[in-house]
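Both complexes shown next keep chain A, but they swap its partner, so chain B is in the first and chain C is in the second.
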Partner chain A sequence: MAHKLEKYGPYLYILPALLIVFCVIVYPTLALLWGSVTSTDGSSVQFVGLQNFISAFEDPLFQTAILNNLKLFLMVPILTILSLIISTLLFNKIKGWKFYRAIVFFPYILSISVVGIVFSYILQYNGIINTVLRSIGMDWAALDWLGNPELAMGTVCAVVVWKQLGFGVVVLLARMLSIDVSLYESAELDGASEYRKLVNITIPQARSIIEFYVVITLIEMLSWVFSYVFVMTSGGPGGSTYILEYLIYKKAFGGGNYNIAQAISVVILLIAAVIIAVQQLLMHKGDDENE
Partner chain B sequence: MKKKISVLMALLMAVILTASLAGCGGQSSGENTTLTVWYWGEQEIPGYQSYMEEMAKKYTEQNPNVTVEVVLQESDTLVSALRTAEAGGEAPDLGFLWGGSLALDDAWLGNLTPVDEYLTADDLSVIAPSALSETNWDGKQWGYPAYTIIYGIAYNKQMFKDAGLDPDAPLTTWDEFISACDALKAAGHTPIGAGLKDGYLPGWLAVYFGAQNYDDPNEAIKPFKLEQDYTDPQCSEWVGKVQELIDGKYFNDDIVSLDFYQGQQLLETESCAMTFQVASYTATIAENMGDDTIGFMKAPVYGTGKLADTVSACSQVYVMPKSAKHKEEAAKFLKFISEDENIKRMYELTNAWMPLADFDTSIVDNEVCKNVVSWLAESRTYSYQYTYPSGFEYEGLVPIMQNMFTSGLSATDAASQMNDAIKKWADQNPNLLEAYQKWTIK
Partner chain C sequence: MNKKRARPQVISQIIMIVTSFTILFPMYFMCINSFKSRQQYLRDPLGWPSPLTFENFVSAFSGKDFVSWFVNSTILTVASSAITMFIALLAGYAFAKMHFKGRDTLFRCIVPLMSVPPVAMLIPLFRMVSAFRMVNSLSSVILIYCGICLPMTIYMIRNFLISVPDSILEAARIDGCSRFRMLFSVIMPLSVPAIVTSGLVNIVWVWNELLIALVFLQKESLRTLVVGVTVFKSRYNLNIPVIMAGLMVVTIPMLLVYIFGQKKLVQGLMSGAVKE
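Then we have the complex of A and B:
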């Protein structure tokens, strides 16, 4: 009895957690994969192979959505560089740096829906931004930020950057504050400039955090931006701000086609898996180099 | 010993976790029933929320073992919330959907139970047959009308006077409408207030102008049975009419950045002369701003079909989700809200009414609704939007029409793209295409 307890005991300890993982992750994923290769008509389910994926790939809205998610990916280096610059400035402990840190972090704690609603009012063609621009004689700059298909996605990206920047700053700053101060002192003795210190000390020392931040932000740009589009543009104008998440929502709850929606969800899952796999490879490569 | 205790604790936790998961959801059974009703409508006929809360309380007073829980839904999540709940087996006892094909979508998806499985022919006979036919498919009744909405154009009579127009002579033809828009512009007013951003406007424009070349609703759904090309002028002339309004710059300049309701509210803030609105809401605006300020007229006619002069009207409906737990009680509640006294109360609170076979029009006491009653006496009702597939609207009509406003897409190209959108919808939804091909609108 004691031997059996010793052998199987650990499994019993992890059983509750396993049950949760199964219910929340494994089963839904399996159901999603099954749904993506079947077609549902009322209560009857028919296996259709890759037909849902083909229908999705041939849909012009899917192509637009993929491109828009790629545009959001381009925000990641922008966010990373901006976070690095701002956190470096704060790291130098300029006067009032704690206050500035709070100000920079504040947008991150706001609800995305609230941010989206407020910006959709501010950015209206006759909203406050354009009203101010017109009042100072800059009518040429008072554009239809969310109503022009050529500007709408860029505007959404700008709002995303505004909101997400604080997280990167706080994460990078926290890492910087734990870097050995003697490294900077030695560098100063050697006459290193601020730029050299950033490039040769700060960035290498913060590399793992930067990698983590890049991966997390890439995944956010893939699967955490639905609310911005839903609130600010409803995918318009003319479908120009469709992203993969919004397309899934419209396919499932607008058109009632759950199977194609599930196929697109699998696409997101695969892209996220590739991102994480690349990050793991880079991480292990980095560990090997250190050894 | 410590190990044994740890193992036992782990086992206990597993049991508790499993029990709590199994215990999730469901109401405790017993003598008391909680009837859950999800509804919408406050956004369209202000006062409906008060009405439903009053009905819930009154029903409970008459049926002490039943508690009615009424939950107002949001426009953006009306459909998705119901579908999600149904998929999880936790749908309310009564749901609410926009009528016609928008409700039948869920019947075709297998989410609903026909209401005539719980309501007799006698029960249903209180409702006007034309209203019932909107959600009747394959010989079954899928929706029960909640109230009728009558579409029209609400207008500011003072601005009409400013522009030299007769505020008491409604515009009836398309040419009169365009001339009025020109006159209003010349007088410094924005002719039409509207909002396009959230995608509801194109469907409304389809309601007003989409079916004017048809003689019969069954003609109007031919493109969606793939029996007619949408580029045929009979189908798509209306798109050219919308193009005329865009080219004439008759809409507010921020139409693309406003939501639909924000666009409608431009009339209330006296920022535009006309807006697309429903009768009940217009009656409420007229109560606030005065009958001498606000008028209501039918859509102008350009088409030559018998449906050109119909009253654009349809019913929003209550539906019975398949997983509803108290279907009999739900049916009883539907009969209850159809009683004369309760219909009268709906009108008092909302200026709207259920489409009854024998509606007592003497209770209608405001100018807007009296006008509408006279229209209904003269013409049949029809709503084009409630007979085309929702997938066509979301993925075709909405983005295409937005491109007409923002990218200068021509009416000809727009009609061609709408035709492609119908084909895409048919390819991706063969089961819905089959349902359409079986549909004959009575």
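Then we have the complex of A and C:
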């Protein structure tokens, strides 16, 4: 008895976690794959092959959504570079760096809904930003930030950067603070510029954290941006700010079109899988180099 | 400080002041306007509130279900974080300190699990929950939140526990401590730093979550605060100070978390990033 407990006991400890993760993540993912290749008509379920995918791809809103998610991916290099710049400034211990760090990190704890609602008032056509711009004679710059289909997605992207920046700064800064100081000291003796130090010391030393940050942020731009669009634009104006997540939500809970929504969900899942696969490959390559 | 470094200092300060201003401005806008009368907001949206009024907060709280929204958010946040933590401790303990077949394979599945987009699970989950007639129940949402938080939390707890020397556990075992009792008398006290940091990350995430709460809690009285204020926005569209007061109520609890836990929170985010 005691022997059996010794052997199977550990499974009892992981069992609750396995059960919940199976119910919430694994089973739904499998059901999703099945749902994406079937069609539900009343109570009968029919296998339809790739028909749902074809219908999804033909939808112009799907094309807009894919393009908008690609625009969001463009925010990843922007965020990475901005985070590197700001964390380098703070790392040089400029006056008040701890204070600045606390401010830059602050948006992390805010709800996207709060951020989205506040920005949608600030950025209204007659909102405070445009009032200020007009009062200093820059009427040409007082645009309809969220109401103009050409501009709205760019505005959403800017708000995403506003909210996400602090996470990158704090994570990179924490890594920099743990780099061996003597590396920088000897570089300074050789008269290296700030730029040289960044490229030759900081970036190689922080490589794995930068990789982690890029991957996490790519995943976020793919699958955690629903709330921005839901709160700020509801996909509008004229469908110009649809993203994949919002399209899935609308197809399923706005139109009852569950099977097409599941086909689009599979597309998101595949993109996420590619990102993770590339990361795993890069990570293992990095390990080999270290050995 | 020599002259050569003086100019970069000035440029750095300018960059940081502009960045800080950009970050603080929207929060300033929300904060000051929540204390203004509607008339003053329309006249002067940027100035300091005078007279300062708490009426917007009173109006927000007297909104039909506002208090229940606050209670719902609190229940969801406390329950999901606590249950996640207990289950993650059990699993993290096993992954870090026990030997069993399939341990490493199972553990390697955790990172991919962390990256499954929640929206992808949404429709099958909704069907499952509907089949059990559990839509509009806080417990089904707690279960879903636990499922989403668990992989990351187990990952963090396990990585923390792996650095605890086995000799401590050996010593307890020789004193006659069973494996299960060890969980409470040795593992839990030792893991406090990891519990605090990953707990804070989960608390902030659950409190602020929108999509799942929106889909699974459709009854007005069961909404969370975050979903509530989003709906609230369209209802009080013309009285912006009341909306800002509602947003303040959403933000203040997390602000307290931030003030007391900033350092721990950062450690938590970092430990997710560190490869062993």
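FYI, the second predicted complex is superposed on the first by the 278 of 291 C-alpha atoms of A that agree within 3 Å, B and C clash if a C-alpha of one lies under 4 Å from a C-alpha of the other, contacts with A are read in each partner's own complex, and residues count from 1 in each chain.
Criterion: a residue touches a chain if its C-beta (ideal position, glycine included) is under 8 Å from a C-beta of that chain, and two chains touch if they have at least 3 such contacts.
Just so you know, these numbers come straight off a predicted model, no measurement behind them.
When both complexes are overlaid on chain A, the residue A:N148 reaches chain B alone and has no touch with chain C.
Once chain A of one complex is fitted onto chain A of the other, the partner contacts of A:F253 extend to both chain B and chain C. In the superposition on chain A, contact of A:Y13 is made with both chain B and chain C.
Judged by the touch definition given at the top, the superposed model places A:P28 against chain C, while chain B stays out of reach.
Of the two partner chains placed around the shared chain by superposition, neither chain B nor chain C is touched by A:Q63. Comparing chain B with chain C, the partner in contact with more residues of chain A is C. When the shared chain is aligned, chain B comes close enough to touch A:S234, but chain C does not. Of the two partner chains placed by the overlay, neither chain B nor chain C lies in contact with A:N200. In the superposition on chain A, A:F106 makes contact with chain C only, while chain B stays out of contact range. When both complexes are overlaid on chain A, the residue A:Q46 reaches neither chain B nor chain C. Residues common to the contacts of chain A with chain B and with chain C across the two structures: 9, 13, 16, 20, 23, 230, 249, 252-253. Contacts from chain B toward chain A in the complex involve residues 3-4, 6-7, 10-11, 13-14, 17-18, 21, 76, 79-80, 83-84, 105-106, 108-110, 196-199, 253-258, 390-391, 394-395, 398-400, 402-403, 405-407, 424-425, 427-429, 431-432.
Across the complex, chain A meets chain C through its residues 7, 9-11, 13-14, 16-18, 20-21, 23-29, 31-32, 35, 85-86, 89-90, 92, 94-96, 100, 102-115, 117-119, 121-122, 128, 131, 162, 166-167, 170-171, 174-175, 194, 208-209, 212-213, 219, 222-224, 226-227, 230-231, 244-245, 248-249, 252-253, 258, 261-262, 265-266, 268-269, 272-273, 275-276, 280, 283. Contact residues on chain C toward chain A in their complex (touch as defined above): 8-9, 12-13, 15-16, 19-20, 22-27, 29-30, 45-46, 87-88, 90-91, 93-95, 98-100, 103, 106, 111-113, 115-128, 143-144, 146-148, 150-151, 154, 179, 204, 207-208, 210-211, 214-215, 226-227, 229-230, 233, 240, 243-244, 247, 250-251, 254-255, 257-258, 262, 265-267, 269-270, 272-273, 275.
Put simply, chain A touches chain B in their complex at residues 2, 5-6, 9, 12-13, 15-16, 19-20, 23, 39-43, 55, 59, 61, 120, 123-127, 144-149, 230, 233-239, 249-250, 252-257, 260.
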